[in-house]
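Across the two complexes that follow, chain A remains constant while its partner is chain B and subsequently chain C.
So, the complex of A and B:
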């Protein structure tokens, strides 16, 4: 589904990704771990199409298409979803209107008509109930004044409404209380399907207890320096990143 | 390029071709005044950013062509469409001529004309002189009881000749204790050049409230200058919202005189400008006694090669202790060719006053734009949503509920157009 080959990118004069390769197939769950500043969010943003990052080498193929040729909105409509590490507050734009516009943009791309207002509301309420979200959040400005955990839950709500083929969740577990973590994990698991893939960026084993990954990767200094199965995460928890870095440079 | 000056000979001919009636003496007095003082130029501090040349050029061409204006059936159709867009009791001024046929007599409201009682009025501003010199007749409205429907004043022009000039003058008095709702709606059609000049005097009596909405949605390219002078008596209230959506060269002056304690003036404005538009809002509040409050917030969204001006002057005169003057002006520039001159001017000669001002000039938030695009909205849609949110804050403060839906739709449509033009 997603094939990243020797990807290099920079922002300003700083090179951040330095030859990163990763293959994600349909049906798989990947976890990406790594020290602060290693380039995890950068990778997520480059896949989503953030224009501040300049790709200087390598290629990214998504469902056979050159992903780097597509605008961010085209990538979204093709089924890529990024759950932001720091979701943006957009005062004055209601959550409901964003969700509706997003759902309709995707439907239009698929050649479908606009979603019926009643159906939309019903679906949104259902998804919110599953995430223990008060329906009042629909009428609030997007992330406006939301607590850290509420913002993350809101990202999962958007994901649930958009049903992406490839979801990249950047530290969606950070800042969640224990109950919220379970709820969010349930939301992520609900999306698991043979034709979908999920990439979790996380610092903690906690989330991986609930959403079991097929692969775990360690990103360090702009490269994937180690990959393994879910036991790698446990090992990391135990030994820290220095262990991987040493192994990588050895 | 040499700036044209108003042809006084042309103006004189135009004035003298008007019917000899009870306003003739006033027209002559205004003509003489204008002859002496002339129209403002960019050398005048208040007109530094706004060059009236297009208005003068249109006027001169109109004079030269005989100073006539005609209309077609489409004017009637415009009136029909516009008056049915907001549920109000409409007085119409079409091509400068008062038309009360759409108005339903209402208890508590007296409608008259300047010609009924042609008392000479104060002429001390050049554009008011130009207005008085060429005025067919003015509208006098006295509201002494609250009405179910807002009183609407539709100023609509259709240009059939190559260049047309129209004058509008309105005096509104709100009786003591009365709560009034007034909508002033300017619109124009026709491919030719047009210049409209309006003068409104609003008098809010003791403990009265004026809810006032002003919509300017002229054809892009048409010229308008308009002044509203507001006097407020003890404990009176003003809640005003202005929307400038169309037009080419637009200059608005809002003058508020606070000479009585307890007055509370709240006035806000939204201006949307695209390629070729020039929208200038000059406001002035004179705090002559305290306590009294004034607060204004203007917001602008500019795209393409457009230019806007916001100049907010608040003068707290000596002795006006307890005055509270707030000003805010926020601008969103969607294009690097757009230009805004934002100038708060506070002059304070009293002690014990509270004054504040804040102006911002910014671009769309890139992070928000990317966030929306990452959800599948294209740049145009994302821009529309973000600008709409920026405007919505002011739109929602429209003090007349009956006008809200139409204003929301007009703002939305104009934003869509602006953004579309900026993208191509």
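So, the complex of A and C:
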């Protein structure tokens, strides 16, 4: 599904990704771990098409297409979803209107008719019930005055509504208390499917206790320095990132 | 998305830029007592009206244009303007829409205002002002049944001179300001509304204004009187065809709410704003004022201002009656080289008077947007309350937002609150929306509409939809 080959990119004059390669197939859950500044969030943003990041080398194919040729909205409509580390507030724009516009943008792209308000509300209420979210949420401004946990849950709701083929969740677990973490994990697990891939960008092992990854990759200085199965995450938790850094430079 | 990209998103041709080819019967350019007399004579006005105009004209001669607004433009050459234009059919005015010049109707069609259908479907009575003379008034009979008078100003002068004598100039005196004095001397036409005691007007009253004759100043005059315990909602909307010369527009609107009466006045203003280099466009100098004359009366102004090269406009409320309530909800959008200096005045005179101000300014391109507001509490106005919220949204790096809030509080029991914010559409917000599959343009529209939501919800439903669409058109190309 996603093939990243020797990807290099910079923001301003700072090189961040320095030859990163990664293959993600449908049905898989990958966890990307690594210390602060290793390039985890950059990877997520580059896949989503953030224009501040300039790709200087390598290529990225998504379902056979050159992903780097596509605008961010085209990538989204093709099924790429990014759960943001810091979801922005959009005052006055209701959650419902953003969600409905998003769902319909994708449906239009797929050649499907737009959902009407009634269908939309029905669907949204279903998904929200599964995430223990108050339906009133829909009428609030997008992330406006939300707590950290509410923002993250809102990202999961958007993901559930959009049913992406490739979901990248950037530190979705950070700032969550244990109950919220369980709800979010439940939301992610509900989306596991043979035709869908999930990439979890995370700092800690904690989330992986609830969402079991098929693969774990460790990022350091813009490269994947180690890959393994879920036991790698436990090893990391135990030994810390210095261990990886030493291994990388050795 | 960089902010530089954001700047180039603003280049869209004015959609209503066409000119209807109807011969107009204009007066030669220039202004003197003869012109004032000629206007009055053409309208068969009674002597008192002519006298009133002439006094206004003489007062105007002594007055100076205000220099305090945060606006920069070439001086208006008042002697090069023609002060009256009327469609050819003036002498023989149509009695129904069937008799209206088909070209006029076509113009409405182009504007998306199919008058007859629209009026029927929406249950809106439309007093359409084309250039300076009303050409069609609908639903008159239905209104007549409940005693509501809704007609052109000229007709009111002839048919209801007692009401005109009593109320005209009682809110905006002739010499209130330079433009009001000019309007008082040469006003062409406009709307007149009288809601009798205890009547709730059975439909929204709506007037579409339109400037069409080249180089002709348009001087609308509107007077709305809500008698005791009555209620009326009035909608004013305008579009204008594309022109290269600057066109002067100086309207006066007076609202009078007697005891327990309520007037809700909504405007969508879309005069031609000029091109991207600031050539052409309407100069819009408007005096709008409501007088809450009776106790417990209420006046609210809601405006969506997207057009005009220059906007100078402060819909205000005189809160004279005890417990009277004034409100001002405004969205002002400026793009390219447009300049707006707009806001409100809330003058608290009666006891326990309340006022609310919500102003949303949006600036894009190289445009300048100024909010100017006055909250004044007189010494006798015990228990006055005001809440002002004044937000500015900037799109791109070359535009400006300015806020001049004035407060004169002479009673210590007053409670006055002022909140202000300035924000930009951030690249992060745009990226977030795009990552959810929205195009950049849809994202901007959504963010802008969200910013304006508090004001839009004050508009009547169908008007709110129009306003939103208009906003999207005005900002098309603002980011790219």
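Operating definition for what follows: the second predicted complex is superposed on the first by the 250 of 250 C-alpha atoms of A that agree within 3 Å, B and C clash if a C-alpha of one lies under 4 Å from a C-alpha of the other, contacts with A are read in each partner's own complex, and residues count from 1 in each chain.
In this text, contacts are C-beta pairs under 8 Å (C-beta built on N, C-alpha and C of every residue); 3 or more make two chains touch, one makes a residue touch a chain.
Bear in mind that the values here come from a model prediction, so they are computed numbers and not experimental data.
After alignment on the shared chain A, the placement of chain B and chain C results in a clash.
By the touch criterion defined above, A:162 reaches both chain B and chain C. Of the two partner chains placed around the shared chain by superposition, neither chain B nor chain C is touched by A:153.
Of the two partner chains, neither chain B nor chain C is touched by A:226.
Legend: residue contacts after superposition of the two complexes on their common chain; A:30 is shown touching neither chain B nor chain C. In the superposed pair of complexes, A:93 makes contact with chain B and with chain C alike. In the superposition on the C-alpha atoms of chain A, the part of chain A touched by chain B in one complex and by chain C in the other spans residues 48-51, 71-73, 75-77, 81-82, 84, 87-88, 90-93, 97-98, 101-102, 105-106, 109, 141-142, 158, 162. On the chain A side of its complex with chain C, the touching residues are 48-52, 71-73, 75-77, 81-82, 84, 87-88, 90-94, 97-98, 101-102, 105-106, 109, 141-142, 158, 162.
Interface residues of chain B, counted against chain A in their complex, comprise 365, 367-368, 370-379, 381-382, 385-386, 388-390, 392-393.
Chain contact summary for the complex, chain A toward chain B: residues 48-51, 71-73, 75-77, 81-82, 84, 87-88, 90-93, 97-98, 101-102, 105-106, 109, 141-142, 158, 162.
Contact residues on chain C toward chain A in their complex (touch as defined above): 1-2, 426-429, 431-440, 442, 446-447, 449-454.
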